[in-house]
Structures are given as C-alpha cells and as structure tokens.
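Lettered A, B, C, D, E and F in written order, each chain numbered from 1.
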Amino acid sequence: MYSVTVRDHIMVAHSFRGAVFGPAQQLHGATFVVDVEFRSPELDENGIVIDIGRATETLRKILADLNYRNLDEVPSFKGRNTTTEVLAKTVFDRMAEARQAGELGAGASSVESIRVTLHESHVASASFEGRL
Amino acid sequence: MYSVTVRDHIMVAHSFRGAVFGPAQQLHGATFVVDVEFRSPELDENGIVIDIGRATETLRKILADLNYRNLDEVPSFKGRNTTTEVLAKTVFDRMAEARQAGELGAGASSVESIRVTLHESHVASASFEGRL
Amino acid sequence: MYSVTVRDHIMVAHSFRGAVFGPAQQLHGATFVVDVEFRSPELDENGIVIDIGRATETLRKILADLNYRNLDEVPSFKGRNTTTEVLAKTVFDRMAEARQAGELGAGASSVESIRVTLHESHVASASFEGRL
Amino acid sequence: MYSVTVRDHIMVAHSFRGAVFGPAQQLHGATFVVDVEFRSPELDENGIVIDIGRATETLRKILADLNYRNLDEVPSFKGRNTTTEVLAKTVFDRMAEARQAGELGAGASSVESIRVTLHESHVASASFEGRL
Amino acid sequence: MYSVTVRDHIMVAHSFRGAVFGPAQQLHGATFVVDVEFRSPELDENGIVIDIGRATETLRKILADLNYRNLDEVPSFKGRNTTTEVLAKTVFDRMAEARQAGELGAGASSVESIRVTLHESHVASASFEGRL
Amino acid sequence: MYSVTVRDHIMVAHSFRGAVFGPAQQLHGATFVVDVEFRSPELDENGIVIDIGRATETLRKILADLNYRNLDEVPSFKGRNTTTEVLAKTVFDRMAEARQAGELGAGASSVESIRVTLHESHVASASFEGRL
C-alpha cells in the first residue's frame, strides 16, 4: 500500500458542552495542524498516488471554510461538539466529497482510504480514517 | 476508525543481556517519549473517543511507576530485557488493565485497540499495538 | 552562558483589531506551545541553572491564568491585541515577577535573562527576550 | 503487533516527466528523511523485533547507493519518475531483499511487514508498506 | 527584544566544488526548510513586530526564485558554492532588500536584525544573522 | 554571523545528589539529543563555516566517550552532578579542545563561539554557549 501525506493548519475558537470537558466548556481555541494521508494500492502512470498540488490546494479550500472562525457559530456544527475527533471526520468527509467531485484529479480514483490527523498541541492529537 | 493520542515521558536506567546489544549491555539509560493512541469505531455522545483528561492522568500514573528508576531492579522485569519493545508492551498491558478497571471512564468501552509508541531518540522508536 | 528551557501549552480564543490582521479580526483561537529559556552565567552548587521542577510548576501556574479562555474578556488585556508577541511579553513579565517573589527558588538569583517563545503553528512563532 | 523504526536520510537531485509535476519537471532536488518500520507479531528471546544496529547499518547501505546522486542518471530508474512514492517502494524492495539474504540477522525472520516513509519537507511525505 | 519567525521551504539541485565536500561534489539536491526570524525592540500600535502575512508572502516570493531549480545554473551563484550557509545569506540579503523597498510594510521599520535558518535534514542546519 | 549546527545523541544512566532533584536522586537515565552550533563571522573559500563531515565525526567521538555508560562511574565527573547543563558544558569543552588540536580542520579557525544544546525530552533542554 502506498500513501502520500500533506499538511496545513487552522486556528479556530470553540467551546464544548459536557462536564467531561472541564474548563474546555468555556470559549477557548486551538491551532490544528492537519495531516491528510491518501492511501492507494497502486501508482498511476506518473508514479504517484495523487497530484500533491491538487491535494494541497483542496485541503486549503476545505480548511479555509473553518479557519479564523468561532466554530460555535458555524451552522453545520449546530448542536454538536467540535472536538478534534469530530473535526477530523469533517475534514475526511469533505475530502471524500472533493474526490467524488473530481477535484483531486483522475489519479485519485485508485485512492482507497484517507486518514486525517489533527494535532492540537505537542502532546495530543486525534484522527479519523475511513475507506472511500 | 477514530483515534486520540496523548503523550508523556519517562527517564530510566537499564542494561541488556545478549551479545546483540553491544555496548548497550552496560548500564545506561534513556528518555522514552511515550505516545498512546486509543482507537474506536465510534464517538460517544460528547463527540469523543475517550476522556482525554483521564487518559492523560492514567498514562501519568502508569509511567510514574517506572519513571526515575533503574529498571534492572524492578521485580516485574526480573530476567527480562527491558527493551523499547518490551516497555511498549508493558504500557499497553497496564493501560488495558486500567480500562478494564474503569479508570478511563465509561466512554472508553468502545475503544477497540491501543497503540503505544516509545520514541527513544530522534532516530529510533518502537511500538506495540493490540486489540482489547 | 548556560540556559535551561521548559515547555507547556495553552489553548485560547481571541480576536484582533486592525486591518493588518485580515480574517484574524474575527473571533478565532490558537494553541500556543510555550518555551521558557532561563539564562545564567553560572551554575549553582547543584550544577543547575534553576530548579526545573519549580520552573515547570511556575510556568503551569502562569499559563493556567490564560488557558481555556477568551482573551478578549480578560481585563488585563483590555484595549490591546493579544498577539503572539504580546502574549510572549506577558509570560515573560509574570515569570520575572515570580522570580522576584522567590517562587523559582534561591538558585534563580543568578538568572540574568529569560526568553519566552510561543509556537502558534508548525510555520510561525514569536518570542520576547529580556534581562531581569 | 510489535514494531521498531529507524531513521536516516539522503540528499538527491532528480526531475520528473509529466505535466502534473509543474515546475518539478525541472531538475531540482530533495532531502528525504527516511523512516523504516519493521513489524512483527512476536519478540525474539532477547526481547526485540530486530537487531536495531543491523537494521540501521542495512538502511545506511541501501541509502548510500542513492545518496548524493542525480537519480535521473541511475540506470535502475531509467524511464521512471523517481517520485517519493517510487523511492519508498525502492527502499522497501531493497530492505526485503536484505532480509531475505540474512543481512538483518536471524531475529528478522518473524518480521511480517515493513513500512518505509520518506519525509520530503515539513509538510509532505510518502510511504510504501507491504508484507514480506 | 521581540521576534517573529515564519517558515517555508525549497527543493533544489546543486553540486559543490572542493575536496572538503566529498561525495557532495556530485550533482545532488536538498530540501531546505527555511525559518526567517525578524527581531525588533518594540511593537507597533497593532502589537506586532511585523505583518506576518506580508512576511510570509515576501518569503514565498524570494524562495520562488530558487525553488525547483538546479542552482549550478543560476547566474547569480556563478563561481560560488551554494552551501547552506551561502543560501542563508542569500535569503537574508533579499529579505533586507525587500524591507528596504517597503515590501514588508511600514511596521517593519523597527526591525533591527534578521536571522535566516535553513534546515537541510533532521540532523543539520545553517544560518545567517545580521543587523539591518 | 553565520552558523552551522550538527546533531547526534547519547543514552546514559546517572543519579543526582541534592534534595532539589527529588526522585531524580535515584539512579535513572536519559537520551540526550545533542545539537552543536558553530558560529563564525565569515565563510572560508569553500563557502562554509566548518567542514560538516569533520564536525559530525568529532561530535561522534566526543559522545562515544559518554554513550551507553553510567555517568556516576566516570572518573572525570567524580563528585559532580552530571546535570544536562554540566553535560552541555562538557561537550563544549571537548569540542573547543578538538578545535584547538586541529581536529575540526583549518576552516574552523574563524569559529568564534559554540553553542551546545542537549534535549532531554520533548519538554526540556539545556545549553552552554561560549566564546573560543
């Protein structure tokens, strides 16, 4: 299995509901350094898993929709905690849609699974990995 | 599959038996930066894999039992080499026990597997990954 | 010149005033990984620049006052942008006060300068360095 | 499953053929920081997955064959793009051969799979993972 | 003293002349992860050392001139080794010129010195630091 | 001012004397990732601060004398705590001697100062910097 990983980041505000979150129930924020790994059993005729330029550009677009925002006010997250896990799944879903829509190029058709990891500090991260 | 990873570290002394270890047969030491990844197919009602506060606290307790010690004198390791691999398995086993004992909270019941990675330097690491 | 550096982090929300900030004028957030370096021309009788346990504990206390908060609502920052630079200076000032108050221990009396660095992502950081 | 990972690096020149590569069609270069992870379901009598000294030495030899070269002029790559993905597979193949030839020692016989990751910058990497 | 640091990277080919370089006399290449630190004794009215957006954009432009090239064929380097040290100085000079030309904005007028660091691998880097 | 930095590491055991060290008074250990930065106001005719091959080799030799040992039993440290600060100074002194003895090559004659940093974990480091 081959894979290619690209990285970008977002800086967001949010708060959580639930006693388990302790002080993180207050409005606070985070930098999420986002890694997206594309996995494929084979390479295309160019010798690549995916057009890394398109992958990077698509990730930038997906993140631009979240970047520099208070996620508590983003309608699509209404009623849900925007935990690192939930955000990893969100980036995964949007990347899967982008591939379906052809935004990642023809080469991406052999990509079987994607893993999205969000690093929230030097000591914690979360990820979502799924098949396409 | 979702996952959450937390990080802590220990500083220990030990020596190895076996010609394969070369100069590491002498009493020496290591800082192990320890990553524990918890994997679950679903999130709980709070939108998390596990209470990250509890996970961090439990890891701290498990490591406190090893930290600042000469592992050659720890009874539970008697007759065994405390290689990075063995220590990764040790942290895994104790974390699995902690979960079984409910120390990681109710949410941890959906955690299916754990991966423990010990970074021993900027150029080497070892891990153990297993199902619960 | 000797130095010792310790690390911790905070997760905060804030917004900036000023066209130069572009989209960062909106309420957003950041994880700041904070490094504090203590510099001294000599070591004490124990062979250290500073009691690293006390330094770590003091940093934790200083950061606890900022952690998991919306800095726009913190009175001491009223009317000022809480840029990474300003926060680095804030941590510096509070650490200098803690040393003056003896919280860093007797050994810290030879510390001549402190450098505080806040990493806001994998591609940007800011710092303040000053003499005591 | 246990694993051990070792790291080394190479500095090479190359160019790519294919419009998808944009400016990377020109002769340019890269530092590849190479991680090789060896996975085994069990430890040998010494408590290790593999002799880390032999693994490191074997990786060094494999990389020495590529290091400080213009890959466009290496016969074994003739007619192929030496993308990060292709190079990851190349290192994998040569490591698999080395194990087959006994260069990794007797203990390596239980190694079931290898994952090779090449980091090409702070924002991109590629890997190949396969069974032996 | 305040400072702000931004990061980007380039991927180049080159060769060196001089026996001291050993195998690096052959055409090879490198990824250089480039950090530029801007130092100022004071903050502007916005609370910043420099407009980080402009600094990042200016660094991108400076590096674009070198990126994906064989530096042996760049006229401005004719007759010189493009060592990591020389490249650090090159980026410094161009950044100093950009500031002089007003490309970094009015706020950059208080920047007293700049430090440029090029990381060529996980084990080596070089830098140039100078006053403006 | 130019600089070049090289990296290597050691794995040692030791214990400390003094109540300030708490549990670190017990025999324990550490991995020290060692960075040595050589600073020079000018480059030699090859365009370098120092022969990076010789610098790396000299660092390896200096560290080999400490690596895989119990520092409590090393005669030259008798009666002293081998704190991270003390070890940074030790590496500095030996590197300064090596330069004086010509082991770093003729080019090293313009090196004015050296900074040695020992990273003992992902959250702590110490350094010594001095003129030659």
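We take it that a residue touches a chain if its C-beta (ideal position, glycine included) is under 8 Å from a C-beta of that chain, and two chains touch if they have at least 3 such contacts.
No experiment lies behind these values; they were computed from the predicted model shown.
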{"item": "Target chain E, source chain A, minimum contact steps", "value": "2"}
{"item": "Same-interface partner of A-B, chosen from the options B-F, D-E or B-D, over half of the pairs matching", "value": "B-D"}
{"item": "Taking each chain's C-alpha mean as its centre, the one farthest from chain A", "value": "F"}
{"item": "Separation of mean Cα positions, chain C and chain A [Å, integer]", "value": "30"}
{"item": "Whole-Å separation of chain centres (CA-atom averages), chain D against chain F", "value": "30"}
{"item": "Chain centre separation (chain B, chain E; CA means) in Å", "value": "41"}
{"item": "Multi-partner residues of chain F (each touching 2 or more other chains)", "value": "7, 122-123"}
{"item": "Residues of chain B defined as touching chain D within the complex", "value": "16-18, 20-22, 80-86, 88-89, 122-130"}
{"item": "Residues of chain E touching chain D in the complex", "value": "7, 9, 11-14, 23-24, 26-33, 67-70, 120-123"}
{"item": "Contact footprint of chain C on chain E as seen in their complex", "value": "1-8, 43, 45-49, 51-53, 56, 105, 107"}
